[in-house]
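I have a structure here, written as structure tokens, and I will follow up with some questions on it.
Chain IDs A, B, C and D follow the sequence of writing; residue 1 opens each chain.
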């Protein structure tokens, strides 16, 4: 069983949770989705995050999804989002996931936290409830949680709690904050979210990889692995070719519907259904997406040919 | 089986959800709590609201609590809070509650709603999912949800959906809005929250009663029933005597811990435990509460003697 | 010239800014307002705060108001609110005020500050721009600014910058935070806002006085001075008698219109006009206020007679 | 004197306000900045917006800037941002600007507005204060103001007030809202902000142009004018080539510092100074910007050569 640690690098794709057209959990599509991510260069997965519609699952569904993802993942490490309004529920799902073979858990601050010392107090309680052997990824996503955390607090968390080994960086604008954490703490894994919108800049500032749900994992993999091998220019060239679609998917709210539609078209999942309440794509949205995909795929092919020539 | 409707009046106490010291659901304390509310003049109860720590319950616990409250309530109508990030889960709990004998359900807007037309769209979906026979109380609580709704939207909701028969009014400041809804729609039940902090003014502006969790239900009952019988001055005299404690309990966050402590002291529940993450009372908080209770109870007794004299 | 310092105690009334019916600054009413506050026991005043409609004044009007208030105040210390989107403008008004004889300045965090370290950086720049001889009151009012600050940051500010001698405490709920600051820093002046809604509890937890704009300064003075003389019970009795009106005035938004109407009725200012955009009182609001004032004044008179008997 | 109206199309660049190194208003740089925008294809300008640091200007500085911009603009239409906490100040600056030859004014909702009917009430007061002859651009920017407005409210505003002829669209995600306004109201000018991040999609959905402050106006002009001439593909090709820099400049907060630095490098203004409190670029930020500019300029040159070939 692989665990995440302070040296974890690469691409952890944020996985969608597939539903059938009738809204039920689609376990077979979990299998195809895992295969899809693995075949396109993902180093790991993060499941039951915001994009995974976790708050819309019952506890039973969450556990069923965890089991199925982990079963199919084989050796690929899987981080499980366990954020919850209840610390007991958080710890319960965390224990279940670790028993089932998860590589760690991801926890975002609950929205009612106000000052940064209440964040510290909350994570102390979370770590105690999880136990010291469960590796934790701190999700810094103030656009969603409303909880703003300085680099100093992130450093305090990872130093006070050795099990907090990873930062999911998605504050925005956040490049200066990423640099501050990186400079002070070379040994914390930093993976970047925000739909990948600033990924080359984040890698150039010392991030260790990506953790986001862009529906073409080959972009994430291509950019991150090129960069980690020393080819920053090639990584950024590839990124720039994909950027129109990255920017389009990164829109809050509607982005999830776009991603599920792309995953469906590519055969990764059977239905693009998002559980209610959730966004739906209009005919105008679909036509726009057709156009953006066609343009982007042509551009990426062109880049490939130039690189090959 | 009594259902709430547009003529519902009186006091619907927001019920706490009792937990044992080990954090498990305390079903026996549900019985004693129902008896406590009933003996002190409540006309009905609302369970699984914010004060009921609903987001910290598993679906099984929610159903167990619903069954126990309804079983003990006898003829007293019970409204069940069913707000959820998932419309399916909302409808599922709603159907369970109505089957078990609930008088209606309460639904707050989900925080991701932005403009007022998205609120209207959301409630249309909620009403369709619940079915037209389930009476709905619209909870207007922007301090918690972040969703701001004008009187015009509330009126549209109750006119477009005959099953939306009740408003839980707790916008603040909200007196002008209450007057606007009342003037335009004499036949919608308006019960007031916000810890009761403006209760006499709300009743004088035409509200039909209270729906809040003040731990001394005899205050709510005394004020509302006096007012409804035409004794506005007596109602307000009684309210003013209790006001220092009303104001103290009404503090966001810590207020829940204060209320559970009062309920415990009065024998209504066995433990004052709040599920984590949640507020806890410090020794300073407890000493302060002792003082406030002693002062308030003496004042209320004095008022009673003056009224009796 | 008196300056505020770490030992400052008592009542600093937040002063309204009077306008004539045509919306122009009413300098003559500044004189009568100062006299009104002084005659009813204020120890000092704070001008150009939120309640003073400072953002609606031009720089010239701000300076004219500062000069007039200070000229009339005689020996009474006056704190001047200088919060501004521009640090240069803040420092400019601060220098003007201190030259004119102000006792210090009050500064709230600008809303764009996010994490607590940006608050610290901002106050370092503010203190540098003001110069070390200008005493500063830190206004902690997250309900308005959106900037949440822990006790640790307040302590850091007052220790890093000796000129930050005073805290205007108006976080809510904020009693635990007040206790934490008081316990760690016995020598910082803490004056309390929030319309005075928790004033007795705040004094009992070690606050040094009040800084709020309740339109009957004799309440603030009576409560604070009784408490500081050791009569906590008498202070709280007096407070409780006024509480229905305190709670009514404390409503955000509409509260300013209520206060100016009360000040006008009592002869302190010539017009209750609030500059647009701002709240206006409806006939229902005015009738409600009549009733609340009549009830409260009768209760306070009754208390006086009981105390005298 | 040209006025904006419901048929206005093209590029209205959001102009920076230039300051000298000592922080004073740099009037000479206003001249060079106007020339810079005009030479690169701007159809008009919008001054004293958020990017223009308007809240950091004194009223005198605002008027001096308005006069200088208008004097240099010659026939180019100029919209003046007049948003203010005071409706009188808003109307005063509006009258000054129109007298000086402005083409219209831009007004954002004030942050204290809550429900959408308060937005309607506010704009009724604003229009009355401005007078019916002043064309108004409604700025829909909820990320900054916190005020969320539905398409229905925008349509109501432009129908109730014929002088509200233009929408500055910058809600995000906002494509569906733009389509809804466009479908219902073909005759309202819609110019798009948000740093241009979604400009091709917005044009394809019927927007009339751009109103944003990207520091290379030739991109805005090239994209918008190509599109308006019917070359949607060419417009989007050009946009995509610039997108890495568009995305980089569009970051909230730091984006203003980046833009002023680019304008300084290109000779449009003498100093990149942003008034305090405001962002500053670190050495890492500057090196990152160098790289992004070099890459983007090379790509755009390459595109030009391909188009020319």
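By definition in this document, a contact is a pair of C-beta atoms (placed from the backbone, for glycine too) under 8 Å apart; a residue touches a chain by one contact, two chains touch by 3 or more.
All values reported here derive from a predicted model rather than from experimental measurement.
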Taking each chain's C-alpha mean as its centre, the one farthest from chain B: D
From the mean C-alpha coordinate of chain C to that of chain D, what's the distance rounded to whole Å? 38
Taking each chain's mean CA coordinate, chain A and chain D are separated, in whole Å, by 34
Chain centre separation (chain B, chain D; CA means) in Å: 47
Flagged in chain D as touching 2+ other chains are 253
Does the chain-touch network form a line, ring, star, complete graph or other? complete
Listed in rising order, the residues of chain B that touch chain D in the complex are 114-118, 142, 148-153
Could you pull out which chain D residues touch chain C in their complex? 23, 55-59, 85-89, 110, 112, 122, 125, 129, 253, 275-277
Which part of chain C faces chain B closely enough to touch in the complex? 172-173, 175-176, 179, 197-198, 201, 204-205, 236, 240, 243-244, 247-248, 251-255, 282, 284-285, 288, 291, 295, 299
